[in-house]
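The same chain A turns up in both complexes below, where it pairs with chain B and then with chain C.
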Partner chain A sequence: MKWLFRIVAYTVFVALVIVIVTIISSGIGYLLKPGFFTQFPKSGMSEGGIFPSLVGSLLLIILVFLITIPVGLLGTIFISEFAPRRFSILLQSLVATMNSIPSIVYGLFGLSFFCVKLGFGTSLISASLTLSTMAIPFFMNSAVEFTRAVPRELREGVIALGANKIQSTLMVLKASKSGLLTAVILTLGRAFSETAPILVTGAVFYATKLPSRITDPVMTLPTSIYAIVMNLGEKAQWMAKGMASLMVLIMIAIYSVVQILRRNKDE
Partner chain B sequence: MKGSLTIFFIFVVSVAAMIVAAALFGIVFFLSLESVTAIREVGLKLFSPDWYPVWSEPDFGIRTMLLNTLLLTFWTSLWVWFIGIICAFYLHRFAKGKEKEFMLRILEYVSSIPSVVLGFFGVVVVGSMLLKFGAWTAQNFLNASIMLAVLTLPFMISLAYQSFEKVPREVIEGCVSLGAKDSHLMYVELRHALPGIVNAMMVVFNRIFGETMIVLMVAGGANILPRSFFDPVRPLTAALGSEIGEVEVGSLHYSSLFFIGFLLLIGSLLLNLLTNYFVRKTERWIKG
Partner chain C sequence: MNDVVFEIADLQVYYGDHKVLDRINAKIKQKCITAIMGPSGCGKSTLLRCLNRLNDLIPNFSMKGNISFEGQDIYKMKDLNEYRRKVTMVFQRPNVFPMSVFDNVAYGLKIGGIKKKEILKERVEIALKKAFLWDEVKDKLKKPAVQLSGGQQQRLCIARALAIEPEVILLDEPTSALDPIATTNIERLLETIAQQYTVVIVTHSMGQALRISDQVMFLYQGRLIEYGVTSEVVKAPNHEMTRQFLTGKIG
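Let's look at the complex of A and B:
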């Protein structure tokens, strides 16, 4: 029985390793190509570089960060510090429910609300608001666990020393600092890798200039990969390979940072 | 002075929490609002098999796509559950030291691969491999199933592993001292880890049910019922992803796409309720 399980487990893990190694190795060579990061794509994306997609993704992440983290953090504080017990449980299950809604549904919501109702159209701001709608519950779901994990005695101790509610909240945030940082990083990673909502609300497949206002549409890394695979032929595929391996490398870097944070917390 | 500051602070944080709650209701509201036109004008014909949204006499039947979604989700979930539990039990019971650490790290890295990259991998690598094995098209049911499994196996394994780790030591030691073999031990541990495992199974099911990019890229996009694993299929999310970008806002086509989104939303909310129900039920069994 042990050997049967071992064979199954090893097969699965070898397959997973092969997937990740193939993705990285098939594209990593293109990352060293001169101008890959700094040029616009040329002649049907078969030459040039990924500059606009890279900038688009970066802008999107920055906007998502600016929207998600303040709202998410304040919401987390409300759930873990201020809300009455039953209400807090209700809100937590609400957040967990939102977390399990498919991302394309958020895309539809963004299309209907941000693009059409509020009139932002297909734009950077619609895309980042839509992504934030999805990222905020994701952030709160993990952040609440970390603020909850702060021991009761610490809270009671601070209050016994005469701290008011704001000061005790600050103490809780300080005590769960590395956990919150983990949640922030994971949320940004999630926003970075999500494709379907951006595809619906804010992406163009080809742009000759960078977005100059937040109401301009953008090119992003994930949607460019999709566009190349679906619309363009073999000639452009090297660019998608390069972008795919870049994305996987970035995600691996993100998770490595998370692992380091987690280890530091354990010690 | 201090008091009013505190009150202001409480006001701000509660508003932030309310925004989140409002977002959920906003999602439900807007999706149902936009799909009203389709429900009113197409009615029960929404569940007919043919989907020809841009013909002169358009058909908005989603039955075939719905069945494709269900087939793909159930089939993929079944083998992901099965293999995932075996791998998780191996990790929990037999893997030691460095081996275990390495495997857990691999799981974390694989779970971080964006789904669009997996879709790309499915088109370029798995597709051409399947062609060699006699498939008549590179993008098909099996390809989608494989890539969805790569996407969800890490979640299944690590969630199931975590719930195996939570089984109390006394239970395991009691079993071993009664002379239980590995297979009996696995049965006992499975019963005790059941709430967590049911949760993991539902998470995986929900993830496959709502996944868009992979099915959009590798499922093939043919609106037929598959007769073999090599037939192309088109689940609901693939139709949504490919058509919503090019549709006229406010048209009947637009509205019926929102109806599909509404179905997905309702499906995932129901799954969530079911999960809570089953987890609570299995937890009650353990408490006795």
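Let's look at the complex of A and C:
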């Protein structure tokens, strides 16, 4: 039986390597092209660079971070420290359910709620709010696991010294610090690579300038890849390849950081 | 009457419908070591945790009866945090906080409102000396507390409890996770601090109860079977169950 597991494991590993190597090797050369990171795309995206998509993705991630982490952290603290036990279980399964909703559904929700009902239109703010609606349960789902893993004895130890609920909660956060940081990074990675929710709420395929207000639409890396592949001819494909390889490199970097954090925690 | 710290009257404790303690009546004396012993599941930890109301944290806990501390009904007290600073607790597994050795001991002081560095330094040093840990850690005060050995960690937890200058220290099987040498160290330490503080210790080990305690309670299936001066209980137990426990037939 052992050989079967070995073959399956190697197959998965080899497949993964092929995917990553293919994507990176087909696009990494373009990253060195002068102006790739600093220029606007030109001539129907057959020339120039990815500057506005890069900035758009960055702006989006910053806004998602600012919305998701405070809300998600407070929600996590409520579920793991304050909610009565049954309510806490109910909330946790609710969060898990929300986490398994397909992202395009979040996109459609964002379109009808943020863009239309609240009147934000196709904009950076609609896209960040939509993406946050999706990222909050994603964050909470893993963050709660980390705060719950803090042993009861630690909470009791703090309480036994006369600490109040807030002080004991702070100790729980301190004890689960590296886990929470992991959850933050994974959440931002997810938000960074997600396409569907922003495709319909905030992204434009081409913009001549950077967004100057949060009600302006943006270009982002994943939506630009989608736009180029779906709508543009052979001459523009190199840009999609370059962006795809950049995104894979960024995701590898993110997961490496997570691995390092986990290792530090184990020691 | 004056040397009584806790007076437990008709205490009954339930977890949900399950009765854990049944009509416990006892007076606990000050500045001596009272051991609560008995076989696993007899309710000894529950009884201990009632004394600083830590059971309040358990969702389906309920109780009847009274426990008073220095004449005051503790289940009617408003400021529990203040009360828990007087009656603090050390746990089974050393639960050092994820911070430095110094900050562990200073934690209780800081949340108690002491901010001045000189005072903190002084109090931390005194507490560590009382816990016989100062010589071992004086050069490692800034190191993470988890780097200490298990026995050192448990003494650090005791130092942390001593630092807030409580009146009573409750200990829930503090040596059950430690090796014999570390256990001996902790037992010596407890004998010393009992000169200044009231110590109530839950122990699974009969030997430990005999070695260190002045008074001993024997619990069996939620009932207080026997309670008295340790040497007398050992010599002439009143109850058959106690005799069986002492001779190793149950336990």
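Here is the rule we go by: the second predicted complex is superposed on the first by the 256 of 267 C-alpha atoms of A that agree within 3 Å, B and C clash if a C-alpha of one lies under 4 Å from a C-alpha of the other, contacts with A are read in each partner's own complex, and residues count from 1 in each chain.
Just so it is clear, a contact is a pair of C-beta atoms (placed from the backbone, for glycine too) under 8 Å apart; a residue touches a chain by one contact, two chains touch by 3 or more.
Please read these numbers as outputs of a predicted model, since none were measured by experiment.
Engineer: Should the superposition on chain A be reported as showing a clash between chain B and chain C, or a fit?
Structural biologist: fit
Engineer: With the two complexes superposed on chain A, say which partner A:Ile77 touches: chain B (first), chain C (second), both, or neither.
Structural biologist: So A:Ile77 only meets chain B here.
Engineer: Who does A:Ile260 touch here: chain B (first), chain C (second), both, or neither?
Structural biologist: After superposing on A, A:Ile260 lies clear of both chain B and chain C.
Engineer: Who does A:Val19 touch here: chain B (first), chain C (second), both, or neither?
Structural biologist: first
Engineer: If you stack the two complexes on chain A, which partner ends up touching A:Ile159: first (chain B), second (chain C), both, or neither?
Structural biologist: Once the two structures are laid over each other on A, A:Ile159 reaches chain C alone.
Engineer: Spot which of chain B and chain C makes contact with more residues of chain A, would you?
Structural biologist: Comparing chain B with chain C, the partner touching more chain A residues is B.
Engineer: Per the contact definition in the header, classify A:Leu118: touching chain B only (first), chain C only (second), both, or neither.
Structural biologist: neither
Engineer: Per the contact definition in the header, classify A:Leu66: touching chain B only (first), chain C only (second), both, or neither.
Structural biologist: Once the two structures are laid over each other on A, A:Leu66 reaches no partner at all.
Engineer: Is A:Ala196 in contact with chain B, with chain C, with both, or with neither (first, second, both, neither)?
Structural biologist: A:Ala196: touches chain B, not chain C.
Engineer: Is A:Pro151 touching anything from chain B or chain C once the two structures are fitted on A? First, second, both or neither.
Structural biologist: Touch status of A:Pro151: second partner only.
Engineer: Using only C-alpha centres after the superposition, what angle do chain B and chain C make about chain A, to the nearest 10 degrees?
Structural biologist: 100
Engineer: Identify the partner contact of A:Pro137: answer first if only chain B is touched, second if only chain C is, both if each is, neither if none is.
Structural biologist: In the superposition, A:Pro137 touches chain B alone.
Engineer: Least CA distance chain B-chain C after superposition, rounded to whole Å?
Structural biologist: Nearest C-alpha atoms of the two chains are 10 Å apart.
Engineer: With the touch criterion stated at the top, can you tell me which chain A residues are shared between the chain B interface and the chain C interface?
Structural biologist: Shared contact residues on chain A: 164.
Engineer: Of all residues in chain C, which touch chain A in the complex?
Structural biologist: Interface residues on chain C, with respect to chain A: 52, 54, 57, 59, 81-82, 84-85, 88-93, 95, 97-99, 107-108, 111-112, 157, 160-161, 164.
Engineer: Help me check something: in the complex, which residues belonging to chain A touch chain C?
Structural biologist: 84-85, 151, 153-164, 167, 171, 174-175, 177
Engineer: Okay, in this complex, where on chain A does chain B touch?
Structural biologist: Where chain A meets chain B, its residues are 1-2, 5-6, 8-9, 12-13, 15-17, 19-20, 22-23, 70-75, 77-79, 81-83, 91, 93-98, 100-109, 111-113, 116-117, 133, 136-137, 140, 164-166, 169, 189, 192-196, 199-200, 222-223, 225-226, 229-230, 237, 240-241, 244, 247-248, 251-252, 254-255, 259.
Engineer: For chain B, which residues are in contact with chain A within the complex?
Structural biologist: 2, 5-6, 9-10, 12-17, 19-21, 23-24, 26-27, 30-31, 33-34, 83, 86-87, 89-91, 93-95, 103, 105-110, 112-121, 123-125, 150, 153-154, 157, 181-183, 203, 206, 209-213, 216-217, 237, 240-241, 244-245, 249, 257-258, 261, 264-265, 268-269, 271-272, 276
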